[in-house]
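Here subunit A shows up in two complexes: once beside subunit B, once beside subunit C.
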Partner chain A sequence: MKASERRECWGLLLMDFKTYVDQACRAAEEFVNIYYETMDKRRRALIRLYLDKATLIWNGNVVTGLEALNNFFEMLPSSEFQVNMLDCQPVHEQATQAQTTVLVVTSGTVKFDGNKQHFFNQTFLLTAQSTPNNTVWKIASDCFRFQDWASS
Partner chain B sequence: MGDKPIWEQIGSSFIQHYYQLFDNDRTQLGAIYIDASCLTWEGQQFQGKAAIVEKLSVSKSQGRAAGSSFPILLVTAHCPLFLLQSLPFQKIQHSITAQDHQPTPDSCIISMVVGQLKADEDPIMGFHQMFLLKNINDAWVCTNDMFRLALHNFG
Partner chain C sequence: MHKLYDLSSRQSLEVQRLRFDPASVTFGVEMVPNPGNDMAASLQIHGENMPKLLPWNLSNTKPCQLAGLSTTMQNASNIKNLNLASNEVKSAGKLDKGQGLEPEEMSADRNSLCTTFPDKSTNISSILELFPKLLSLDSQESRPPTNFGIEAHKRLPTCKGSFFESDALKSLVLQFLRRYYLTYDSGDRQGLLGAYLDKACFSLSIPFNPEDPAPSSLCEYVKDNRNIKKLKDPHLRLQLLKSTKHDIVRSLCVLPATQHDFSSFVVDQWLQTERVLCFSVNGVFKEVVGKSQSSVRAFTRTFIAIPASSSSLCILNDQLFVRDAHPKETHSGLFIPVPTPASSSVPTLSQEQQEMVQAFSTQSGMNLQWSQKCLHDSHWDYTKAAQVLALLKAQCKIPEEALTQTDPGS
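After this line comes the complex of A and B, so read on.
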């Protein structure tokens, strides 16, 4: 490969990666908005956003699979989330059968009914499932903790 | 007996190693990242081992003026002109409040950390950080790293 061709390749790689990052992150942001709105206003629909084998760790409590998640979210008091920050990164998938995967970290405040307000942090691993018509994002892993967990 | 799951063992080992390196000699952190690694530090994105290590290293500025270091211009064969700013503090100490580890569908590990840190003579601040760990050639490396200070939390 000539040096000029090589430089072009690197340029294209960078552009593609940046575009890829931007697209992935915009999709993730949309997903996050839907997630917290569903959590606050349509709690029973929330598990539709999770993969069948998804795991959640909620303030140290491990919840695995849709049935357990369903029970958990039913028990959790009603919520008012306010997201203040969001960071997002695509995950480099080197396996051939990999689906697009994105990591999202959110933080903000939450008030559960009957409890005081807390600062929270949440990490999602999201997987894109593409159909001919659209792309559906679902949660593969979810980790939630109060920032002030030790003293809460 | 209740042995911890393997991903918790690996995750907590990594966490311990990472913060020990970070607090004692952050120039050594390069070994845990690869060329495909991404770091998001307080909202700034860094791509690749070299850029990450540059960011995490000790600042080359003479002293701290109004909380910012001199920006460092970095040009490499692969990258466009980057404006990088190394971390401005000399001393740092992390204290972990809680950590969570989960396996991912493709055999990686996500680790999430919540804690507090103290940099130089600054007041203690809360932070949270997330790592995605991948096993490459029998070594666990970090492919994704996201760090944020809990700036709103004055508790």
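After this line comes the complex of A and C, so read on.
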């Protein structure tokens, strides 16, 4: 193991882990509120929350890139999400090339117009994009699945 | 002074003509100036007076408040054709679903439906929402609403099974999961230490049901439940996130003993970079509680892993979500656990049983190990075992490793 790699591994220790976790939780909470509200009420603004090369796996269907995502969300009927569970973890910089990354996991119910209500699970990988004034979190990956997808 | 119009014999009604008629109409259509806005008019219709199949033409009128319509439209179900073309109609966002206004044909082209909707497709969807029986919009057929719901041009994509970016990644992930759950279900989870990086993270969560906030099932998972939507204490939030591999394995060892149904696994491999591989596994498992009735749980487990060698992965992040299985998830025909290596505890078979296994394997195409498992689970009733297998095949639930002739544990 090279010295630089060793340093990378320990880098997280030098940063206060408690603060790191705290930051991740706050980011996750805020992000999740914005995401589902945008999905339900301002659907056309939803793609602004995604990185250019983001990928969505939606019930096994893969959607890559902003244009495809845009078409996808336009095609999806209007939605009413209710999130009942949220968990998040900081992702070690070993995996992310020093870009602050958070794993976010949600669960709840969703009703798409014209369809029955479903329980869902969703996983996001969020990446921080920092500007001098603030930090903006964007979705690098999104994985969504109905719990009863097989009988949908 | 009201003018009376006899509309019973008319085929169409052109509101514009009436609009400019200062006299208000009490029979059929009444135009009432909207208070505070000379340009707008509310249209009130006394439905019981409306003749049948009345095309109702509002085109080229001055702005008309559609918002007023639904509340004033009573018994307007006779109206089959509604022409709003070239109208400026305001406040559609606040429209109630037409109480009785259910035209079958509508013209809304060039209609800036309302200032809150910026584009035509949203216009269309809002119109379609309001008028669910619409068969034709701007002379284009809309889908029959009974089949596809209200937003006729929107639909959910077909749901599919597991997603992998490539066959190679699929092999890698499935192999990882086999090894992982082999140890996880073995009764001793200490062996999982090698699966995690030193500074890996693990947390667990269970659903929160607002209607049943303190359910008695899943009680074994409650103490570790890290649902930060409900859990606000930063100290607890930190404590419930296990962040060394020893803490992680310690936590895992305390969770109920399990038997995962490998054939139920649906995997979404959602990210791969040169540094990291991310995937989420959905499936069911039984909690093994001695010989008593075991509970079936469903789970979604998300792994962020890094390559440890050319053929193995090491876990960086592990998030486990456990819930009760829905009824449809609990009656899988055969609960196929992770395949155990041939050398582990296998009961000695009688000559007859050995012959059954051989025959079953030859006839089904499954390897000997799986054939034995199938027969064992069907209490060595050959016919029953074959039936169960046929059922699983029909449900596409036979895992690949059941068909390979090599030792699945390798």
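Quick note on the criterion: the second predicted complex is superposed on the first by the 134 of 152 C-alpha atoms of A that agree within 3 Å, B and C clash if a C-alpha of one lies under 4 Å from a C-alpha of the other, contacts with A are read in each partner's own complex, and residues count from 1 in each chain.
We take it that contacts are C-beta pairs under 8 Å (C-beta built on N, C-alpha and C of every residue); 3 or more make two chains touch, one makes a residue touch a chain.
Keep in mind it's a predicted model, so treat the numbers as computed, not measured.
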Let's test your reading of the overlay: on subunit A, do subunit B and subunit C clash or fit side by side? clash
If you stack the two complexes on chain A, which partner ends up touching A:V83: first (subunit B), second (subunit C), both, or neither? second
When the two structures are overlaid on chain A, which partner does A:M75 contact: first (subunit B), second (subunit C), both, or neither? second
For A:K111, decide between first (touching subunit B), second (touching subunit C), both and neither. neither
Report for A:E29: first if it touches subunit B alone, second if subunit C alone, otherwise both or neither. second
With both complexes overlaid on chain A, does A:H92 touch subunit B (first), subunit C (second), both or neither? both
Output check: A:K53 vs subunit B and subunit C. Expected answer is one of first, second, both, neither. What do you get? first
Check whether A:R145 is in contact with subunit B, with subunit C, with both or with neither, and answer first, second, both or neither. both
Broader residue contact with subunit A after superposition on the shared chain, subunit B or subunit C: C
Select, from 294-302, 348-356, 366-374 or 402-410, the region of subunit C that bumps into subunit B once both structures are placed on the shared chain. 294-302
For subunit A, give the residues common to its interface with subunit B and its interface with subunit C. 17, 21, 55, 57, 60, 84-85, 87-92, 95, 103, 105, 107, 119, 121, 123, 125, 140-141, 143, 145, 147-151
For a test of understanding, state which residues of subunit C touch subunit A in their complex under the given definition. 121, 125, 129, 148-151, 154-163, 197-201, 203, 205-210, 226-229, 234, 237-238, 241, 243, 266, 268, 270-271, 275-276, 278, 280, 282, 298, 300, 302, 304, 306, 316-317, 319, 321, 323, 326, 328
Touching subunit B in the complex: which residues of subunit A? 10, 14, 17, 21, 51, 53, 55, 57, 60, 84-85, 87-93, 95, 98, 103, 105, 107, 119, 121, 123, 125, 127, 140-141, 143, 145, 147-151
Of all residues in subunit A, those that touch subunit C in their complex: 9, 12-13, 17-18, 21-22, 25, 28-29, 55, 57-62, 72, 74-78, 83-92, 94-97, 103, 105, 107, 112-115, 119, 121, 123, 125, 140-143, 145-152
Subunit B - residues contacting subunit A, complex: 36, 38, 40, 43, 45, 47, 78-80, 97-98, 100, 102, 104-106, 110, 112, 114, 126, 128, 130, 132, 143-144, 146, 148, 150, 152-153, 155
